[in-house]
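So, here's a batch of structures to check.
Both complexes below contain chain A, partnered by chain B and then by chain C.
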Partner chain A sequence: MDQPIKRQSTLALLGALCLFLSTIEYLIPKPLPFIRIGLANIPIMLAIDLFPFASFFLLVIIKIVGQAIITGSLFSYVFLFSFGGTVASALGMYLLRKLIGKEGISFVGIGIAGALLSNAVQILLAWLLIFGPSAQFIAPPLLLLGLITGLLLGIFCQHFSEQSRWYKQTIEEHQNDESR
Partner chain B sequence: MTAIAAMMKVATAAAAIKQLFTRFRPADLVILALSIIITISSFFIVYAKNNSELQVVIEGMGQSYIYPLSADETLRVRGPLGDTLVVIHHGAVHVEDSPCKNKLCIAMGEISQQGQWVACLPNQVFVRIIGKPVKDGLDGSTY
Partner chain C sequence: MMSRDRRIDLSYRFFTSKDLFISGLLCILALFLSPNLYFRAFLFVYFYFFTWIQGKRNSLVITLFITVSIVFFNLLIPYGKVLFRVGTFPVTQGALFTGLEKAITLEALIMLSRASIRSDLQLPWIFGSLIAESFRIFEELLANKKQFDWKKPIESIDTILLKLSEKKFLIEDQKTIGGTKRERAAGSLLLILQTALIWTIFFTIKH
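Here is the complex of A and B:
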C-alpha cells in the first residue's frame, strides 16, 4: 500500500495496543462471558481522528482478528458476535465524529454510542441466530454495563486526547505527511 | 495538616469532575440521554412484561420454543413418530393431535396454570407453563 511511513508505524502501534489490551481484558475475571469492558476499543477510538477510513478499518479488522485469536474464539459463534458488534460500533463512531465534528461531539459521546451500537448488534445477532426471543433477557444488564463502560472509556479517551503530547504530535506529523 | 491536605484533594477532584461535565458537548448530552432512556426502558420492557405473563415452553426433538400463553397459535412440533399438534388458545394450551398410540397427551386436556404440563412420551414432546406461581390458587382439594 502506498501509505505514508508515519501513518503505517502509528497503525502498527495502535494495532499492537489493541492486542495488548485484549490480553489484559482477557485476564480480568468476569462473571459472564459476554460481559466486556471494551479496553481494546480505546485504540480504535483514538484512531478516528488519526487515520483516513481505509487505515481505520484495517485497524478494526486487526482488533477483531487479534482479539479472537487471543480469546480463542476465532472459529466459534462468539467470533460472529464480536465481528458484528465491533464493525457496527466502529463504523458508527467514525461516522458520528466525521458528521458532527470535533466541536459537536467529544469522545464521551462517541464511547457511549459505540458501546450502545455494539451491544444492540450483538443482542440482535443472538436473537436472530442462536438464542431466539429469550436473548432479550440479557439485554437490559448488557445495555446498562455498556453505558457505564462506554462513558468511562470515553472520558479516558477525551482526557488522553487533550493531555497526551504523543497524540498531538502524531496528528501533526500525519498532517505533514499528507501535505507533502 | 493531613486533614487540610485531604480536603484540598477532595476539592480538586470535585473541580475536575465539574470541569468534565461542563466540557460535555451538545451531541454528547443527546447520546448520553438517549442511551440512558434506552437502557431504562429496556429494563421495563423486558422484565415488566414477562413477570406478569405466563410462558409456554414446548420441547421436542432437542428443540425448544417459548410462546406467551396469551398467544393464539397452532404449532406442529416434530417428534420421532411425526407431528404433534399443540394449540395455544384463550390462555390455555392443549395437545390437539399426536401420532402416538394411547393418546394420553390429548386426554390430559387443557393446562393454564404455572407449573402444569402435558407430555407425549412416545413422540417426545413436552409442553409446560412457566412464569410467576399463582399465589392464591389451590394445588388440589378433596371432600
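Here is the complex of A and C:
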C-alpha cells in the first residue's frame, strides 16, 4: 500500500509545480490565447522516467484540468487546444523515451519532439475551429517557436535531471519500490 | 464603485463553485446550439460583466487584440463580395464575417468559462482528491514564491521540491469562504434566473 501513496504524493507535487509554472506563464502576454511557451511541460517531461504510464497520464490530466481551472478556460476552445496539444506531446514524448531509451534520446530530443507534436495538433485545431485555411500562415512561426521552446525546455530538463537532488532521490525511491 | 476585494468577497458569499459550474454548463449549451452571432455577442458582453462582478480581472486590450488577430488571419484568404481594398489587398465580406464569427464565439466561450469556473471547484473521485492536493501544494508554492530565484532556476526548484516533499499535507476539506444560508440561496436563485434568461432569449430569437 505504501507504493501507490508515495506515487500519489509525488504526482500531486509535480501537479502543483505544473500549476505554479502555468501561473507564471499565464502572466506573460501572448497574441493568441492558445500560444504557450510550455513551462508547465517541465514536470511532465521529468515524470516520464519516474512513473508507469497510468500515473504519468494522470499527471497529464491534472495539468490540463488544473490549468483550465486556474485560467477559467475549462468551457472554451482554449481547453481543447490545451488538451489536444498536451496529450499529443505527452504521449509522443513518453513513447519516444520508452522505445528508444534514455541512452538513445535525451530530454532535448523529447522536448523538441513534444513541442512540435503539440504545435502540429494545435495548428490542426486552429485550422478546424478558428482560422480555416489561413492557419497555413501561422504554422511556420508556431513551429519555429515550438522548436526553440522545446529545445530550451529540453536543455533545462537535461540539466535538472543531472543536478537535482530531489530528482535523484525520487527516482531511487521509485526504483526501490518497484524492486520490492 | 465597489472595490475588487469587496466584489470577490460577495461572489464567494453568494455563489458556490458548484452552482457556478452547473449554470455555466447550461449556458454553454445555449451558446453552442445557437449559430446567431448577435446572441453570442450578447453572451460575451453579459459574461464579461459577470466576471467583473465576481472580481476577476479582464483586459479589454487583450480581448481586442485577440479579436483583431483572428479577423486578420481569416481575411488573408479572401472570399465573397469585395467590400473595400487596403492597397491591393481585397477585404471580402465572407472572410470578414467568418473572422468576426469565430472571434466572437471564442471570446464568448472564454468569458463564459471564466465566469463559471472558480479555483475552489471540487471534482469527484480519486482524481478530485489528487487535484485538490495539487492545489493545496500550489497554494504553498505561491505563498513561498520568493524562494524561486530566476537566476538559479534549477537550484531553487530543487530546493522547493525537496522542502515540499518532506512536508506532510493533511487531507482536509478545501477551505471555502461561504456566506450564510440565505446569501447562498439568493446566489442560487440569481444563477437560476440568469440561466432562465439566457435560454428565454435563445428560444425567442431566430437561429
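The criterion applied here is as follows: the second predicted complex is superposed on the first by the 172 of 180 C-alpha atoms of A that agree within 3 Å, B and C clash if a C-alpha of one lies under 4 Å from a C-alpha of the other, contacts with A are read in each partner's own complex, and residues count from 1 in each chain.
We adopt the following convention: a contact is a pair of C-beta atoms (placed from the backbone, for glycine too) under 8 Å apart; a residue touches a chain by one contact, two chains touch by 3 or more.
On a predicted model such as this, the values are computed, not experimentally measured, just so you know.
> Given the alignment on chain A, is it a clash or a fit between chain B and chain C?
clash
> Please work out whether A:144 is in contact with chain B alone, chain C alone, both, or neither, and reply first, second, both or neither.
In the superposition, A:144 contacts chain B only.
> In the overlaid three-chain picture, which partner chain does A:100 touch, first (chain B) or second (chain C), both, or neither?
The answer is first: A:100 touches chain B but not chain C.
> Return first, second, both or neither, reflecting whether A:116 touches chain B, chain C, both chains, or no partner chain.
A:116: touches chain B, not chain C.
> After lining up the shared chain so the two structures overlap, which partner does A:155 touch, if you call chain B first and chain C second: first, second, both or neither?
Only chain B is touched by A:155; chain C is not.
> Looking at the overlay, what does A:127 touch: chain B (first), chain C (second), both, or neither?
neither
> Given the touch rule stated above, what does A:58 touch, chain B (first), chain C (second), both, or neither?
second
> What's your read, chain B or chain C touching more residues of chain A?
After superposition, C is the partner touching more of chain A.
> Check whether A:108 is in contact with chain B, with chain C, with both or with neither, and answer first, second, both or neither.
A:108 sits against chain B, while chain C stays out of touch.
> Have a look at 2-10, 74-82, 110-118 or 128-136 and say which bit of chain C overlaps chain B after the superposition.
In the superposition, chain B collides with chain C along 74-82.
> Mind sorting out which residues of chain A both chain B and chain C touch, each in its own complex?
Shared contact residues on chain A: 132-134, 137.
> What does chain C use to touch chain A in their complex?
Interface residues on the chain C side: 24-25, 28, 51, 56, 62, 65-66, 69-70, 73-77, 98, 102, 105-106, 109-110, 112-119, 121, 123, 127, 130-131, 133-138, 140-142, 145, 153-155, 157-158, 161-162, 164-165, 169.
> Write out the stretch or stretches of chain A touching chain B in their complex.
96, 100, 103-106, 108-109, 112-113, 115-116, 132-134, 136-137, 139-140, 143-144, 147, 150-151, 155, 158
> Which residues of chain B touch chain A in the complex?
Listed in rising order, the residues of chain B that touch chain A are 20, 23-32, 35-36, 38-39, 42-43, 46-47, 50, 65-66.
> Could you list, by residue number, the parts of chain A that touch chain C in their complex?
Residue positions touching the partner: 8-13, 15-20, 23, 29, 31-33, 58, 61-62, 65-66, 68-79, 129-135, 137-138, 156, 159-160, 163-167, 169-170.
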